[in-house]
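The same subunit A turns up in both complexes below, where it pairs with subunit B and then with subunit C.
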Partner chain A sequence: MMPALQRLALPVLGFAVLLIAWEIAGRIAGPALLAPPSSVAVEYVGLLRQGEMLRELGVSLRQMAVGFIAACVIGMPLGAVMGRSAVADAIFRPWVSMFVVTSTAALIPLFILFLGTGLMLRVTIVFLASVWYITLTTYNGARGISPQQIAVARSFSASPLQIFWKVILPALYPYLLTGARIGIVHAIRAMVLAEMFVIIGYGALMHRSGLSLDTGQLLGLLITLMIVSLFFNWVLGAAGRWLAPWYDLQRVTA
Partner chain B sequence: MISQSEPSNAAVSGAAPGAEPLLSRAFRDKRLLSIASVLFVIALWQWGAGHVSGFLLPPPADVLDRFLDPKWLSRLMGALGQSLVQLGLGFGLTLLVAVPLGVIIGRSVILTRMFGPVINAVYAIPPVAFVPFLIVWFGLFLEARVALVFLMSVFDVLVLMIAGARDVRGSLVDVGRSFGASHRQRLRLIVLPALLPFFFAALRVGSARAINGMITAELFFAAVNLGAIMKRATQNFDSATVLAVVILVCVLGLIAQSAITLLERRVLHWHVRAA
Partner chain C sequence: MSIARAKSVPAPRQTHGAPKLEARGITKFYTRDGNRLLVLQDFSLSVAELEFLVLLGPSGCGKSTLLRIIDGIEPCDAGQIILDGKDVTGTTGAGRGMVFQGFELFPWRTVMGNVAFGLEVAGVGSKERMDIAREYVNLVGLNGFENSYPHELSGGMQQRVGIARALAINPTILMMDEPYGALDVQTRELLQDELLNIWEKQRKTVVFVTHSIEEALYLADRIVVMSPRPGRIEQVIEVPFARPRSDEIKSTPEFLDLRRDIWQSLKKGARV
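And now, the complex of A and B:
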């Protein structure tokens, strides 16, 4: 419906419009308010060379992974059980809908009292920020499995275990991956939130460049976060297409 | 999230009171089970708090005491009122900007292709990371808080509205065109009603994000309102007060969600929402 050239040219044009607007705004505002992309690019090379940014990022991501994996390990089975059992649904749903609307930021002062400001705090905050989205997405997927599919498996005398492995789990793949995609976005947000709150790691780097009015460096740090977030999204999307090519991931809504 | 009442079920259990043990009745009426689950955890918490050191995990009775203290409650409600002002300003600004912009971008294939990737890229940046910027631009007070509420909710609403505007089926618009509807009529009578479900989804997601932004802003800029109450209580190791504020924010979120869902049911009675 649209020539390939146009399909490629339009996003490029969109980014060009953004960069030009930003460059003009940056030139007018000055580097203390908004560094233009031309000087951010120079800063960015410096940030990469200096190594501190990537080092801190690595540490932060490893800590985030602990919280995120714990959220997957707990959220995915919980969502699946809630989706398949009305009793589990009734027991856990009030808690899940309560926690999912609770702001992560509001929980940080509370958990500082419980856990101090160390590693456990950051892992817990990441876990709490992502687990409910993973649970709810899996829950919606598990609820949506058509009863006919299970009836067919049962009439071929599949055992409950076989039904789980051969029918329910494959039907859940796209939801598990969508849940992980939504979860990782929230995990990255929570990581930055917690680190900026207690001023440590990558968050401390951003805090420092903000205090010294070094907007070039600050924008560089933001761009790295953006790349990390887009990368994880792309990896999980690709994993979804590979694991469950029969589903179009775009149509799975949370 | 509000479960619909089931008159037939209630009639059955009402017909033979006490004939059935409470437990098995609870397993049939799922709402009873939900209430039991909440009560059970609160009881467990009260019991657990008695066995753990007091200031770590305050017992629920202590948290309730906070709400029953009229002096504290009036301070809390005053702070909440101030917080709601910035929430209203920020989220109002989001709706004012993101809803029309989303419809304009989503209705045009060229604009969607042009700006879709840009919006997704900027959306991928955690909004809290903009806090140092907002301090540079807007200072530490109301303007900065409103800006954070706006920033935290605007992309969610924008993305949903673009998705909605793209989703309006061309065949519907074609029917309108073949019945001689003008461009304006097609927009008002076909496109906008078809967008309403997405608008409500955007309201639900956006309001949750905006409330999140509200409390984040009060903790990250100069601590004011609810944020100030939390910060001071944290310094005094008064976890019951901190928990009381967390519960208030949580209830605010639940009320917003239910209110929007209720409004959606009234306005969109013709539309069956997918579970």
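And now, the complex of A and C:
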């Protein structure tokens, strides 16, 4: 274990080195190619003041939430059933394995044809980008549930329903949470991607600032997106630790 | 041939009238990669009321399988389990409690939550089951750890939780599958004494599985030595030591003789 001071100082140092390198590179390249952090900071304050960025972000995130929640509602039970039933596994796994490696960007033009450019498109793209990760993480968890723990429950004459609520669900819990954490990162990415295709919402802001050769603004928008992703990831992790103190001890691999 | 050997075993003692538990002609196959693995063949055993019976046998001879069949969580291919004169083959409950090999606690439940599990499943009200669970937590000496999670406990403490969880439903027959196999010698001996204490107080029929000859001799009224797979009865030993027993019996000539005797019969069955 590193001493606490080092654990804190090293990332800060790394960050500082990056900022300085960026500042130097930015001053050489000029703001049209790479705005230096000093001017990004100024632009960023402007973006916050002006309010459009946060307004669009709010709208986009709300639409993203619809797709993401739908992905959880479908993906979690699907993964659980696939993990517990050989029949469901045989039916669905080929599809899930196929879709999970399919690039979401490649699907967007196709879905524009089906769904147009409205809300449905964005929700669908977000859904498709995150549901497979949620499904597969839950699936792995469900497969890994110890048969011994189920045997314990059966030994106490637990009914199948009791086994589901008292053993399978709690055993799955860390995987549901990890699935959600991976899923939300993919969902946010897909949200921006879809919006850049149909030029709407937060994605439209990014699209526009890219075209206007305003890298300061573009970088500012990217930073906000990064913060949002990290924030959601952290919230889900913290919620897990709070709701389930044993959670940290379970090593979860997705 | 194996059947002939099983038949040569002396008839089980029936000191308390009808046996508490009987396994009659249990046969069990596992199918693995298309191969049938014969684990138990025509295995019969009878356990008297309040008897402390120890099953001793080499790894893989089917001890856990037999306990799981008795407990009703594993189906068998032939034979019956008779408990208190009733056929309970393939069903659980009816006064059976099981302590599992390797603890098998629920990591998401506290000590209290684990101990209360069986009562909760049986529909006992929250207040009542907490009272009962607390009583058993105290019985196994875990007061102060009611709200700890299993990962915060030592191996010995986890095994105590496993025992309290099985005792909390007040079973009349307690099955214990190598409960101390994973523990160090000191902890093991401490827990053996605790178990005997509890057994004196709570009067139960016990079927206890172990690899350890010393443990078997220290705990048992009767030891059933099993052969390697398929598990058959190799030898039955009545353990003569008076109770309560203490560590001293382990150095008596009688103890050492019996130990050598059992060692011989285990070795005879071993295929090296």
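As a working rule, the second predicted complex is superposed on the first by the 251 of 254 C-alpha atoms of A that agree within 3 Å, B and C clash if a C-alpha of one lies under 4 Å from a C-alpha of the other, contacts with A are read in each partner's own complex, and residues count from 1 in each chain.
Everything that follows uses one rule, which is that contacts are C-beta pairs under 8 Å (C-beta built on N, C-alpha and C of every residue); 3 or more make two chains touch, one makes a residue touch a chain.
Because the structure is predicted, anything quoted here is derived from the model rather than measured.
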Self-check item: When subunit B and subunit C are modelled together on subunit A, clash or fit
Solution: fit
Quiz item: Just subunit B (first), just subunit C (second), both, or neither: which does A:Phe197 touch?
Solution: first
Exercise. For A:Ser38, decide between first (touching subunit B), second (touching subunit C), both and neither.
Key: neither
Quiz item: Is A:Val87 in contact with subunit B, with subunit C, with both, or with neither (first, second, both, neither)?
Solution: first
Exercise. Using the superposition on chain A described above, determine whether A:Leu213 touches subunit B (first), subunit C (second), both, or neither.
Key: first
Practice problem: Using the superposition on chain A described above, determine whether A:Leu18 touches subunit B (first), subunit C (second), both, or neither. | Solution: first
Practice problem: Compare subunit B and subunit C by how many residues of subunit A each one touches, and report the one with more. | Solution: B
Quiz prompt | Contacts of A:Gln148 with subunit B and subunit C, given as first, second, both or neither | solution = second
Practice problem: Quick one: classify A:Tyr173 as touching subunit B (first), subunit C (second), both or neither. | Solution: second
Practice problem: Name the contact category of A:Asn140: first (subunit B only), second (subunit C only), both, or neither. | Solution: first
Quiz prompt | After superposition on chain A, the shortest CA separation from subunit B to subunit C (Å) | solution = 5
Self-check item: Of subunit B, residues touching subunit A in the complex
Solution: 1, 27, 30-31, 33-34, 37-38, 41, 55-57, 109-110, 113-118, 120-122, 124-133, 135-137, 208, 211-212, 214-216, 219-220, 230-231, 233-234, 237, 239, 242-243, 245-246, 249-250, 253-254, 256-257, 274-275
Quiz item: How about subunit A: which of its residues touch subunit C in the complex?
Solution: 146, 148-149, 151-158, 162, 166-167, 170-171, 173, 244-246, 249-250
Quiz item: subunit B touches which residues of subunit A in the complex?
Solution: 2, 6-7, 10-11, 13-15, 17-18, 32-33, 86-87, 89-95, 97-110, 112-114, 140, 143-144, 185, 188-189, 191-193, 196-197, 206-207, 209-211, 213, 215, 218, 221-222, 225-226, 229-230, 233, 253
Quiz item: What part of subunit C is in contact with subunit A in the complex they form?
Solution: 68, 71-73, 92-93, 96-98, 100, 102, 104, 106-109, 117-118, 120-122, 149-151, 169
